[in-house]
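Should a chain be cited, it is by its letter among A, B, C, D, E and F, assigned in written order, with residues numbered from 1 in that chain.
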Amino acid sequence: MTVQAKPVSASRIDNHVYKIFPNDLNARKTAFGGMIMSIADRVAVVAAERHSGNVCVTASVDSWHFVAPAKENDTLVFSVSVNRAWTSSMEIGVRVDAENSYENTRKHIVSAYFTFVAVDDDGKPLPVPALLPENEREKQRFEAAEIRRQARLNTRESLKRFKA
Amino acid sequence: MTVQAKPVSASRIDNHVYKIFPNDLNARKTAFGGMIMSIADRVAVVAAERHSGNVCVTASVDSWHFVAPAKENDTLVFSVSVNRAWTSSMEIGVRVDAENSYENTRKHIVSAYFTFVAVDDDGKPLPVPALLPENEREKQRFEAAEIRRQARLNTRESLKRFKA
Amino acid sequence: MTVQAKPVSASRIDNHVYKIFPNDLNARKTAFGGMIMSIADRVAVVAAERHSGNVCVTASVDSWHFVAPAKENDTLVFSVSVNRAWTSSMEIGVRVDAENSYENTRKHIVSAYFTFVAVDDDGKPLPVPALLPENEREKQRFEAAEIRRQARLNTRESLKRFKA
Amino acid sequence: MTVQAKPVSASRIDNHVYKIFPNDLNARKTAFGGMIMSIADRVAVVAAERHSGNVCVTASVDSWHFVAPAKENDTLVFSVSVNRAWTSSMEIGVRVDAENSYENTRKHIVSAYFTFVAVDDDGKPLPVPALLPENEREKQRFEAAEIRRQARLNTRESLKRFKA
Amino acid sequence: MTVQAKPVSASRIDNHVYKIFPNDLNARKTAFGGMIMSIADRVAVVAAERHSGNVCVTASVDSWHFVAPAKENDTLVFSVSVNRAWTSSMEIGVRVDAENSYENTRKHIVSAYFTFVAVDDDGKPLPVPALLPENEREKQRFEAAEIRRQARLNTRESLKRFKA
Amino acid sequence: MTVQAKPVSASRIDNHVYKIFPNDLNARKTAFGGMIMSIADRVAVVAAERHSGNVCVTASVDSWHFVAPAKENDTLVFSVSVNRAWTSSMEIGVRVDAENSYENTRKHIVSAYFTFVAVDDDGKPLPVPALLPENEREKQRFEAAEIRRQARLNTRESLKRFKA
């Protein structure tokens, strides 16, 4: 079966919102990073399954650098798109902003890059459609995804001797 | 105020368990990666706060590579330790295994490296105690933590022009 | 203080996703209506707070008619917009579809109309900005919102003598 | 198979309690409406399944008018009864009060009317037993349920041309 | 301030329902005991706070003996009453049944006896009203509560030398 | 099939941590007892399943006496071990401490003794391995477990006539 290429827009999620709750906050009233990672993964898998048309599992996640904290009463806004597809894997980019709806401001919290693999009933990888970037931004992400992939492979190599 | 160095054992968590629930599973009956990331962060912050004696926030998380899936009825086992401390940050290593308690087997699922920062009431970084590695394994982790730190800084540099 | 009118697009949420979990399903493997209502309210309040710039509370919700059930493995997709604003209240429309990402199909589950009121620290109503509908669809919703408002007032009147 | 009529008392739930948690409160310390709707649905379905003896799904919910907010530390008290049964559907009435257990006061928050349908394994409607109202209050609710049913049908008709 | 005695009926909760969810079940499809204990405590505290008119904390819980398992699709029904009040503490009895609403059957799962203490802002015990048992059943429970109290004190004594 | 005896260390869990959340606290900012009971049961079942190699269900729980409250920002630390095994049941001891990681202090909150039974697919009891206590502490617990077992049987006997 040949798998037809799909545009980014067919799986993109622009405006997923999550109002921060008291249980999400530490004693300094900033949101736990792990809570944000967990939601990002839950939204990213939807984009991956839309693109691949199959159940997808998280294979890896690139480094997260939190650039600012999310605070009490902020609403997290998740923007998610497939950046590139390879034989049997996809990179999904997730950008998270914290919106203060009362003051109409937003700040960037973190960007994350997930690699998902589409799997069959036995957990074996399935082919995924190619991705068609259609504008400048999508093409830039398409290119960066390949660089990140190489960085992933290199880092993994250089750390092999230290793996616990 | 001088901050006294502390051994790894003062903050280590060896045996945190989480039995997987139906809600944690996708349609292939494997556990969501984001759920595992979220628990890892919740346990890692306890080690970071034990070591630093202050409220800690997640500053970054290194790449995650899931090496095997966790399944229905597995129990996740989290082993957590501070690997190294710098002026105002700490690397916390988290190893996650999936245990089948019925067959007495375990397999490695993922290892993750978190960087936490201790913060005051205004979110400003606070100094953290130095870490004293006391055995071969702890010393190896101490060394690897520094290499990962350099890799983090390098990767961040090389990707700057692509940041969304 | 005069409150400046705002377009629909300033608060609109198009693509909020929720993957259905085992805990959301009854013994026939269809999703509980109350779970869908609860998420709709959580997303609608974000649109209301974006439009009003203040904390908002749910004042009323129009009749819900579930037109089809959501099933196991479906992803709920919420589309939310402010339909009309009056002196101190807003109607927020929420359309919920169930998407089968594997077969690339969607079906309409339910549409709901919430009335929110912006409130101050003492729970007293605050003025809200007028709404600017900008296209045919938004104008149609703007008109329908007023008819629903009259229906709400009429129904409430005719049922007064039965109120428990 | 003939289905035997049942009295209201066979399915009634008088005193279901829910202590409000920090996560249920907005920035003005009042409870989210959607949280209350979700619990009401979860309790109402128990009354519907007791009356029908089958799995039930929410078919529609009449307008909700919140008459007062529930606050921090209040306990919600749900009173639930089947008001009327038709061929294959039932109206379930839910009254929600907020109790301040420390001052021994209660106030009415909202009343809601759910329509549930009993369904078989394929989601097809099943016949439900008739309802036997046994006292003045139950008879009044039995009568009001029919009026609300007509209002539902009329409103639905008059809004058909606006449905998104 | 004298505290006026109150009847059992002023705080009694007869019919609190909880439909069992997939997440509440182990691999044999029976409900976790700890989940049942947790709900029992959440309902019991409402009865304790109604009786005492103050914030209450769990001081102790008598032995639990599960006499039958609760299963998938069962609805748990909690019956809760204050059995006796002493100077600053109350015994709350909780009976849990598992109802199969489809077959109109119930079986007894577990009965539990909680001791709650009413506390002020500093956690110091506050006097609680006396309890007025009004019928045979309530008087029987009133008597049994005192016997259980003595058993609690005796057992605690005889195990002192083994306390970990 | 003979079942081989196992040492305590094969199933022991020393350092399970749970950071207390806002939702876990009452109006006096102390943690709900039922929440602590529920986590204890979830961790204890892991020890029971490790020891028995089969699915286990909670058969009974001995009296709980809360000796101190857990507070906001505390981290609960659970220490869990199998204390003794009989033909088809095991006693699991759980000690819960509240740790203030910022001040490096711990206090004892509660100790609990669970009896678990290993069950087959039909819920019938299965034989469990004998337990090998290996040091003074484990032997002391082994002895105390038998005394508690007798106390359980005696108390159950003397209360039979009062059972609701």
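Please note the rule applied: contacts are C-beta pairs under 8 Å (C-beta built on N, C-alpha and C of every residue); 3 or more make two chains touch, one makes a residue touch a chain.
Keep in mind that this is a model prediction, so the values were computed, not measured.
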Neighbouring chains shared between chain B and chain D, ordered by label: A, C, E, F
Most distant chain from chain D, judged by the mean position of its C-alpha atoms: B
Classification of the chain A:chain B interface as same or different, half of numbers criterion: same
Whole-Å gap between the CA centroids of chain A and chain C: 28
Between chain E and chain B, distance of the C-alpha-averaged centres to the nearest whole Å: 40
Multi-partner residues of chain C (each touching 2 or more other chains): 22-23, 27, 42, 45, 55
Inter-chain touch pairs (all): A-B, A-C, A-D, A-F, B-C, B-E, B-F, C-D, C-E, D-E, D-F, E-F
Of all residues in chain D, those that touch chain C in their complex: 26-28, 30, 32-35, 37-42, 45, 55, 57-66, 69, 93, 95, 111, 119, 121, 123, 140-141, 143-144, 147-148, 151-152, 155-156, 158-159, 162-164
Interface residues, chain B side, partner chain E - complex: 21-23, 73
Touching residues (chain side chain D, partner chain E) in the complex: 12-17, 19, 42-43, 45-46, 49-50, 53-55, 75, 101-104
For the chain F and chain D complex, residues of the former touching the latter: 22-23, 25, 27
